[in-house]
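Have a look at the structure that comes next, please.
For reference, chains read A, B, C and D in written order, and residue numbers begin at 1 within each chain.
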Amino acid sequence: MNKLYTDAEAALEGILFDGMTIMAGGFGLCGIPENLIAALKKSGIKDITAISNNAGVDDFGLGLLLQTRQIKKMISSYVGENKEFERQYLAKELDLEFNPQGTLAERIRAGGAGIPGFYTKTGVGTLIAEGKEHKDFNGETYIMETGLKADVSLVKAWKGDTEGNLIYRKTARNFNPMMATAGTITVAEVEEIVEPGELDADNIHTPGIFVQRLIKSHGLEKRIEQLTTRPRQEG
Amino acid sequence: MNKLYTDAEAALEGILFDGMTIMAGGFGLCGIPENLIAALKKSGIKDITAISNNAGVDDFGLGLLLQTRQIKKMISSYVGENKEFERQYLAKELDLEFNPQGTLAERIRAGGAGIPGFYTKTGVGTLIAEGKEHKDFNGETYIMETGLKADVSLVKAWKGDTEGNLIYRKTARNFNPMMATAGTITVAEVEEIVEPGELDADNIHTPGIFVQRLIKSHGLEKRIEQLTTRPRQEG
Amino acid sequence: MAWTRQEMANRAAQELQDGYYVNLGIGIPTLVANYIPDGVDVTLQSENGMLGMGPFPYEDEADPDLINAGKQTITELNRTSYFSSADSFSMIRGGHIDLSILGAMQVSQEGDLANWMIPGKMVKGMGGAMDLVAGVKKVVVIMDHNARDGSAKFLKKCTLPLTGVKVVDMIISDVGVFVIEENGPILIELAPEITINDVKERTEADFLVDKGLL
Amino acid sequence: MAWTRQEMANRAAQELQDGYYVNLGIGIPTLVANYIPDGVDVTLQSENGMLGMGPFPYEDEADPDLINAGKQTITELNRTSYFSSADSFSMIRGGHIDLSILGAMQVSQEGDLANWMIPGKMVKGMGGAMDLVAGVKKVVVIMDHNARDGSAKFLKKCTLPLTGVKVVDMIISDVGVFVIEENGPILIELAPEITINDVKERTEADFLVDKGLL
């Protein structure tokens, strides 16, 4: 099985449709599938339900798909860095479902793991709990959250082999591993593609079974959202 | 915080008591905490509820604690390799709760992850489902399973640093990572202890936060249960 | 002439497709690995935490840290990855494995499977079997068509405790092959010199017969 | 004389104990890292998937793959480990983090916290705050005692949408320190030259005063 595609457009060929649900990895702009987002924009598909922790910034990340009005609904935990998002949401051009970050991460893991529902303390007594099933365990109240799946998951890895085994780097890992498990089709964008056997089998974060298609990233920008530094001590 | 103890007995000092619940990692005899099991036997504590995928063999692994009648109840998925287990169970000297292997693994993960209950298709319509809550999701029936925790978890790793970061080797990983998260106190037995910084931060399987005490393994037997080989082709 | 264990394994191997991720149970299913058709690349999962299972090791290569779900020493391949039991069964429960081939004590005509317990005798435990039949996309059973005492194993209803309800998609026994569809089983192949009547006599389940065999 | 932001952060740092695993929120809580007492070794968790967070990088060391939950570039330490968001919040939800220090818009006398939303204005989202207050063993709030318009933030009941119910264990504001116990808040410390009456005037919540202050 050849999983390697020549570029992002080729890798998305035949799997996109209007109204689909797409998961996109990344935390802020860290660990986002830049090439795949660009190809998704170029595809022109509409009415996307996008599941992603954040919505990018105005001109990068998923913000690119907000500019073109391709997204109908976002399921996220924090969208504070995107002004266009704010405008579309306040104008009711965009649906929004907030999930606590840990609940979002766990719902995606559950979706990939065949778990349709689980209980959590997070959000009990808040707006998040409204309309959700409550259940007590050992005298404490929990709410039920459901698993999340996607038609297509777009993830970004650091290294990958042609079997689809992936390794992420530092905090660019974030939501990518769970999303890889929760897509009917998962497309991975990888900085460096190696031959099978070059990755240590004990260190693989996403086994190849979860990855149906992969590409090598080209021209990554890897934009830093908040460059924060300390001065070097004067010598 | 010094997490490193001189030996298994020292590492179990002050945390054992009659009637306690103990998780022990390993699949068959692969990846079991040999030194810690030996020290547990020596401690003489009784009425243990042991959560472990298997029960070892007659004279090794958790079988050692069955010989001495220290275990009151086992929560396992498969105990077929232990004759003493069979004898004690048929004589009603031992309680037994079978869990499907994946359900057991997920219950332990859930216990460590603050999830008191989750739904699964596994076991629907079987003895396992009796008395459990049933719920339909998207027209399919699932049963609720609960999270599992332990007073003490005993795990076995390949490499570990003095901060408690652990790396497992090959299929000796098995139940160890989840159990490390589900113990009120987790004690890790490690083949090689290194200084912080010697393990690659991207490759750590169990972050140190889950490990309260650790020791270096001594005199590991690493017994093979089913040595199965193929002949070398005649040259 | 009924099929041998090897022939059943060989027949089961015809269900493998290129790119499949497959879990093989203990016993005859393990033999399926010896009959993977040329040009078909499959990846074997071992539920104790490995994807990409290789052959048994040479004697001097056996590694106690590297075993399969039957506790046998095995080897890795260049595609291999290791993971925890929780991750392994997330893979299984989440429907990511294409095919599971396993043994059976009984199968019902609705596809119920019993393969883990005989009440009154020792109970060894279900291991990962309940998870596999609940989660894997296609479940193929390989079994002797009748028990040692000649009694039927393919039944209207299982009498032993179940491993799963309506989970079996195909049965490969020593007398032939059945697919189990929504409205019942269909006999689709016969072992050499076995007649439809032979199969009917040795089967309690009701089944249809594929046109090609009539 | 009310405490400055630095003094509040310094006071919060006194809650750190040797060996603690700690999550620091955005804003003043981030400053707490600058006041960790000598001889106290704490490990900082960043909920985007890191344990063992180091200081900000030198300019030539900034790495786009290495950020904290506030999206700021940071560095790693020799104890650092990385993990997925699911594993990170398993750590948080599962009660493995000893202490969370975060900001607040409002706190009620029962320990309810509101810090994520002002209806009618833009909603940025709760991020990981709801998970943190639900899961972490001890939750400390650092906040200005009053809003810019002078209104009370420590209330009988929160008026803003909640982040968590009965989750706050301690409040460190610019006027003093409260612990919130089962039967209500207790004022346990005052900033220099701040009187109990000052605090009462600036607080809507009912609270007791520790004997040591009377």
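A few comments on the model shown:
To be clear about the criterion, a residue touches a chain if its C-beta (ideal position, glycine included) is under 8 Å from a C-beta of that chain, and two chains touch if they have at least 3 such contacts.
Not measured: the values here are computed from a predicted model.
Touching chain B and chain C together: A. Between chain B and chain D, the centres computed from C-alpha atoms are 36 Å apart.
In terms of their C-alpha centroids, the spacing between chain C and chain D amounts to 55 Å. Chain B has its Cα centroid 33 Å from the Cα centroid of chain A.
The residues of chain B that reach two or more other chains are 106, 109, 113-115, 120-121, 168-170, 173, 201-202, listed in rising order. Under the contact definition stated at the top, the residues of chain C that touch 2 or more other chains are 76, 82-83, 89-90, 92-93, 135. Of all possible chain pairings, those that touch are A-B, A-C, A-D, B-C, B-D. The part of chain B that touches chain A in the complex is made up of residues 106, 110, 113-121, 135, 137-138, 140, 142, 146, 167-170, 173, 200-203.
Those residues of chain D lying in contact with chain A across their complex are 46-50, 55-59, 61-74, 76, 82-86, 88-90, 92-93, 112, 117, 122-131, 134-135, 161-165. On the chain B side of its complex with chain D, the touching residues are 1, 109, 111-115, 161, 163, 165, 181, 195-197, 201-202, 204, 207-210. Within the complex formed with chain B, the chain D residues making contact are 18-19, 21, 41, 43, 45, 51-52, 76-83, 89-97, 135. Taken in their complex, chain B has these residues touching chain C: 27-31, 53, 76-81, 86, 89-90, 96, 98, 100-106, 108-109, 120-128, 158, 168-178, 205, 222-232.
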